[in-house]
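The structures considered in this document are given below.
Common to both upcoming complexes is chain A, partnered first by chain B, then by chain C.
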Partner chain A sequence: MTSSGTSLDRAALKQIGLLGAGAIAAIAGLMYLLAWAADSTGTGSAVKPAVDPTGRTITLLLREEPPQLNTTLATDQVSSFVLGHVMQGLLRYDIDGRLEAGIAERWTITETGATFYLRADARWSNGSPITAHDFVFAWRTAVDPASASQYAFILFPIRHAEAINSGARAVTELGVRAADDLTLEVDFERPIAHFEKLVAYTTYYPVNEAFYRSTNGRYGADYDTLLYSGPFMLTRWVHGAQLRMEKNPHYWDRESVRLDVIDFPYLTEDPSTQVNLFKDGRIAMTGLSEQSLEEALKQRWHINRFMDGSVFYTEFNHRPDRVTRNRNLRLAIAHALDADELVNKVIKIPGFLTGRSLFPSWLQGVDRTLREEYPVPQRTPDTAQARAYLALALDELGLDQLPPLMLLTGDTPLSARQAEYYQARLKSELNVDIRIDKQTFKQRLAKMTSGDFDLVAAGWGPDFNDPLTFGDLFASWNLNNRGRYANPELDRQVRIAQASLDPAERMAAFGAIQQIIHDDVVIFPEFERGLVYVLHPALKGVVRRAVGADPDLTRAYIEEG
Partner chain B sequence: MTLWRYALRRLLQGIVTVWFIATATFLAMHAVPGDPLMSDKAVTPEIRANLEAKYGLDQPLHRQYLIYISNLARGDFGISFTQKNREVNDIIREHFPVSATLGILAIVIAGMGGVVWGALTALYRNRLPDTAIMFLVILAISVPGFVIAALGQLAIVGLNRVTGIPLLPVAGWGSVSHMLIPALVLGLGTMAYLTRLMRSSMLEVIATDYIRTARAKGIPATRIFTHHALRNAVLPVITVLGPAIAGITTGGFVVELVFAIPGLGRYFVQAVQQLDYTVIMGTTVFYGAFLVFMVIVVDLLYGIVDPRVRLE
Partner chain C sequence: MPSPHMTLSADDLAPLPRTEAANTLVRPSLSYWEDAWRRLRSNPRAIVSLGIVVSLLLFALVGPLVWRVDPAQQDVDQISQPPGADRSATVAAPLAPWRPDGRAPDAPVLALDGAATTQAVRLVWGPLPGAERYRVYRNLYPAERGQAFGMPLAELSGQEVRAFEDRLDLRPQTWHYTVVGLDARGNALPDFVTLPVTLARVITAADAVARGMADREQDLPPGTVVKFALHPLGTDYLGRDLLARLMHGAQVSLFIGLCAPLLYILIGVVYGSLAGFVGGRVDQLLMRIADFVVALPFLLFMILFKIAFGIGPGESGIMPMLVALVLLSWPASSRLVRGQILQMREEGYVGAARLLGASSPYLIARHMLPNTLGVIIVTLTFAVPSAIFTEAFLSFIGMGVAPPTPSWGSMCNEGIKSMLEHPHEIIFPALFISVTVLAFNLLGDGLRDALDARMRSRE
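And now, the complex of A and B:
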């Protein structure tokens, strides 16, 4: 190397060093400048501990932000979770998931209608009283066709609700009125056994008319365009970034609320981010995915589990142009598959329960659970029998060989594993070919609705705490019956379950529905979903629910010490 | 004068490109089975009709297209289907600055880092620092962004554990400490690419006659480096900044998800999953227009930095 080359090298090295230092300084300066600009737009989220006993504050994450918080329009789980904390309806759920008095302190229900007596000390978060008029306004708004509420149907038991929603009657004709400020009277369209269980649902929450009108169509779009009737109220909502709930000082049962602040500075669906935040002590609770479960075990965290109330099953297409309309083919498939093997060897997620019935095991019957009062018939996997049924089916269908069956499924790793299990098992047991049609959620729904499948991986979650939330699913008129199963006897039992006021008669109807679904192989039950999660050791009183806002933090508290 | 003419012509071409993007997205979006009004609980035909009327989906497709394009020309992207009372314009206005902040920082880190590392490796050609840095460069180019993001986050958790104090936040947004690692992660791939580019360009320049002449004339080595070598070597780096901005914008989607950053990228991805027509259109057209504009700016910049380049 020449001497001039060395001097260039040395000079250059010095220059690069200077350049590097300058670059670092420039980047640091730029960061502070940008942070200052960002702060002025109000997206700041300070680093706080998961649990703060002095401020009675806990920090959590939300999987996503609620699309909006207008109770008459809300349909999704995140909205239901947030609204379940900041709003309250006539009735609420207690720690064990039973109904108890909410804004209404007592109520009577007859065959023709219901009367709710509101408590005099119920207040909105601005201090004004919650009256029967607020319920009348909310329910009218929800069934008004102009609102285009997807959950309007949940109000259809109220007289004229369906006619109003289809535009045949005026909104004022809805069968609900305020006899006085504290008495709400409801007329039914037809006798209904489970109305009290419906009024705990989001769509039935009250809305203050004067406030609603003052928001110019932006009701529920931001934290300050809502009035709160529940234990908490939103005091901050930065879209896409964070939410904050604070104790509502006007809530009638404020003594029972033991947290002052629930902060949500993180919105993320990414399971590894969720578990990293928990590991770093930033959040007090997180759900675990299959992958993060391993990390949780390694960290020796205490792992909690609960059943989220939903059931999953394979639904057959019963339309006349499909081979799966043949009962013997469905029997063949049901005998070839093994739900126990699917849950224990393929899914392998702790907390999952093998599916036995459309009705999950937690549903209450008359005295015990429905499933205890009406045990599910068992069907054991049996290759010989499955083949015999397949031979019968081919005979009835007039086929030599079954065409490949189209299995419509979701785009998650779990649904892929499930679909592959079906494919392998039906090939080995029955020599039946399965084509897997993987679709994103909305596209799968579109194909389910149009009937473009033979088998579809489906599931159902409860709206209210009554077997009917599952029981009417395969009624011929139910639009969620996407396989178009139709059976007059099942329809008759559903009508009994809907209208009868005698609990024993209703449960017998559900027992009969369960038997029909089993005998006719309307579906192949797979599993009841369990969820696993971890909690900060000091956070107590968190209630997990199958029905209503979950997780329920309204009675949560921080254990001192 | 020619510069202005050139800029105007590119701008007009850009508008045609954006119109094409809008039309292609519109058609592709409607060709996908399903629609934004689908939900897991089926609705009665009456409720469905109410919803369609509210969102204008009851109109024939060509009418919807014409309405959409005419609104677009006025800069109105409509109202989100999922966030029922938020305008797409608001979503872009609130969340693009976050993505832009992250992007600017990542570009600056990538650009400066690329120049520094590139010059350094050229200087130490075939010696240990060169080999070591080039190994890391290959690694950074070939490892996908979501892996780097996840590793970056794990590194923060580890760092906080080892030191026992929360030095850096694992996720979230709003302060300087929230920006550092996401911006580094986001800029890393581009920085590696620029390092390679800078290295070869620097080597080429050092070997040229004019550097030898400058040395022979006895110009101080420092001045040769800054005025003759660096300035010429940095030109190709500017050329690729346009595509690099595109890369960093799209890479931002992953980084925003992993670090729970409230940027526009997340809305873009969610909208596609939920078939939220207006948000898909709004974000696609916005990003499309933004990238087209940035490429034009970079081209103009190139003409300014290097007077030899004729803008035709």
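And now, the complex of A and C:
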């Protein structure tokens, strides 16, 4: 078409307007058509309510998919959450977070060992009885160097476990026996003050040997390559998409389970998706992010707050080929970053506490909390000092300019924001370049293990309710010490904390560990995590806890009416 | 139509005297380009689009010289500020540590200890009946019995602890604080105390100097009102200037948007004219190769190039993106040019030129290229928006630029996360992408009309 003169200006505008209106109408029409099509075809797209009292079903979302569900290998919180519902160990936690009888009916613990008497009615999900042999097999598998379990260290209180794990002894020498089908006897390497707390942990769960062998090395890789000992069992696992738990009909305490199905049809870490799912009534529970918090206030939801007990920190790579092995460089970075500002201005979620130490503030010491008894010195952000340390570090490293540092981090919006904040902060304070390596959870763990980072955003949640769950993290033998920090003095203090039965001596050891970690800048503590979340008003009995599976839905129920 | 009666005489048939006027052309002779420009100019949509394209180039290239703000500079006191937000702040002394012992009142009321500022809100309250410990909430709305109290800020550890310092994300606004008593098991008791607090924005003199708001701390006695740095389009989730980020993002977007099409259309033209001009088996072979390239998946190759280039995590993926675009996008334009050349080879004027002894280079330069130029330029203008869109999409999914470098796509990716709370963070980059793509499309449309030689005779 051609145009000439001013009258066609108007014609052109009119044309554009008509086209625009037409396009909007067409898109609106198409959306209605698609919505109608989705409604009228099949049940797959129909919206299920978040809580369904008749089917005793609740619908939730999972942030991430568990990497795998072999209890002897699991390390992460998502696996721990799922396994805490489908598996059970010798002991379990009650609603108030105290230990109570699980598969073991009663038990006795002495200085040299422990004996657990198993329930006769404890059954696997295929109906076969859970015996003491299943525990012996599971614990042997976990400490076997061939399985390379990163949690083998948690079994080290058992006699010979450490020697077996390092290959010095045969697996069969592990200090655990089945005296008969229902009696499990454990010998200790040395007296231990907190063995009860340990046996409720994932790595101590039983594994059925015959079934394990029948899976040809795929144990825990799918829902049908697992046997379940807990209140629920997995009945669907579409990798990367959904999970479904149903009540385990063979669970010994099935009367106490008041839900039939826990469905996880959504797998997303996106906070706005999570909050929209809750708003639309499709899920019964969701955590809130800094952005969705404002929406929650406007919706006038009842917001709950909970400290999940975990600490987050930037871990330095201490391997010999890394510049971060230099203590002055670590000091420079620790003085350049500001954890207070990070928590209050960047993260902006209520309940986060500024990180000061590897040991979170809730841990109990002898009489008061550990942090009150052993206060940690504070390091305040100080640009001048940071630059002075950097100059020293460059001098020692023989460099004019630091190479770009690799910051390994997660792929959630929050970790991305935090990484970018660090990047700008280190650039402006120290003129150090940071390259951000965003990875999925699985991939990040792999890279942490192989040491492919200079700095990594890491965190640690408590496995059992004792400062040792944090205290031995940086022991040179701990595989979760991803930066490969090695310090004989710290190792010595960890040994004291592990072996001593005297609370005062143990707490003094933790105080010493805390001081070493602070002085040597093993990590830069960022925060203790707080969570804010909203619950469907009819969903009751949800237990949040720092130690063990969180959230715990094993005693949850739907309130009628 | 009735014609008047007319008689012709011999004079009427005499030839006119020779004058210069008869040889003078009434309309000036127009070259192809002059004519195309004339037609383009009379197309208002195309001219407006051309204006937008030129201003975008100026925005990307000259803008950063005028608006000298570092796009990576963060300002944690001005996070997610919309355009035109109030920038004033009062100078205050640095925050001193708080010792709340013994400051709590005895009556069951909630009170402020000191002024409520964006540094800290310090609350103290009297004992509530039956409370073992207390929980502090903050809300947008006044507290009402039975309603939600808002966001829980903290749970305090004992009966005697009746003071709380709030420093979380304080902005100049009004918050309604509520303190609820809890029983021994942590259940909320019915009694609560509440207090609306309006926060004043303050800044310490040292901070103000560090931000360049004043030269010396001595110039800033407490109480002075200062203004934060101006952000005409607001700031993003880390307090970075959106205008500066858009300008630097435009550089990335326009670099890919202009370089990639220029390169791949050049390849396409050379390749296509070779195939078309030589013809025969060579043509067949070349075109089958082009078919093969069309079948290669772009995203996969983009990732492969990223690995092949040794580009690790945290480094910019712009170069592999350019290479992937250039190496995989040329077949479309080469087919177009080949078709044109094949058709033209059979035209009469080409045959005539050949008969008159024109060499192949002459034929290509004089006849073929000028006649395909219209098609080439139009393809180019349509390729630009698609390349910009590709860059935006790849940066949106995190395959493009590495932080802190902005691009429009990555800015959209960041902005969409807080779309409901801070819409300006996504509206501006999205607007720029839309306007740019639309402008290039309309310009291409106008150029197609203007450059089409067959349209010439229609006026």
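The criterion applied here is as follows: the second predicted complex is superposed on the first by the 307 of 561 C-alpha atoms of A that agree within 3 Å, B and C clash if a C-alpha of one lies under 4 Å from a C-alpha of the other, contacts with A are read in each partner's own complex, and residues count from 1 in each chain.
The rule we apply is simple: a contact is a pair of C-beta atoms (placed from the backbone, for glycine too) under 8 Å apart; a residue touches a chain by one contact, two chains touch by 3 or more.
Worth saying up front: this structure is predicted, and the values here are computed from it rather than measured.
By the touch criterion defined above, A:Thr268 lies against chain B but remains apart from chain C after alignment on the C-alpha atoms of chain A. By the touch criterion stated above, A:Ala384 is placed in contact with neither chain B nor chain C. Looking at the shared chain after the overlay, A:Thr75 reaches chain B, while chain C stays out of its contact range.
Residue by residue along chain A, chain B and chain C are tallied for touches, and B comes out ahead.
In the overlay built on the shared chain, the residue A:Ala12 is in contact with chain B and with chain C. Put simply, chain A uses residues 4, 8-9, 12, 16, 270, 272, 439 to touch chain B in one complex and chain C in the other. Contact residues of chain B toward chain A in the complex are 32-36, 38-44, 46-47, 50-51, 53-54, 80, 82-86, 91, 94-95, 97-98, 101, 104-105, 108-109, 112-113, 115-116, 119-120, 123, 150, 153-154, 156-157, 160-161, 166, 169-180, 183, 215, 220-222, 224-226, 229-230, 257-260, 262-263, 266-267, 270, 273-275. Touching chain A in their complex are the following residues of chain C: 39, 42-45, 72-74, 76-77, 79, 138-141, 147-148, 150-155, 167-170, 237-238, 312-315, 398, 402-404, 417-421, 449, 455, 458-459. Within the complex formed with chain B, the chain A residues making contact are 4, 7-16, 19-20, 23, 26-27, 30-32, 34-35, 37-39, 41, 43-47, 61, 64, 67-68, 70, 73, 75, 145-153, 162, 165-167, 217-221, 238-241, 265-270, 272-273, 276-277, 279-282, 439-443, 445-447, 449-450, 478-480, 482. If you check the complex, the residues on chain A that touch chain C are 1-4, 8-9, 12, 16, 270-272, 290-291, 293-298, 300-305, 340-341, 343-346, 348, 350-351, 404, 406-407, 413, 416-417, 419-421, 423-425, 427-428, 434-439, 532.
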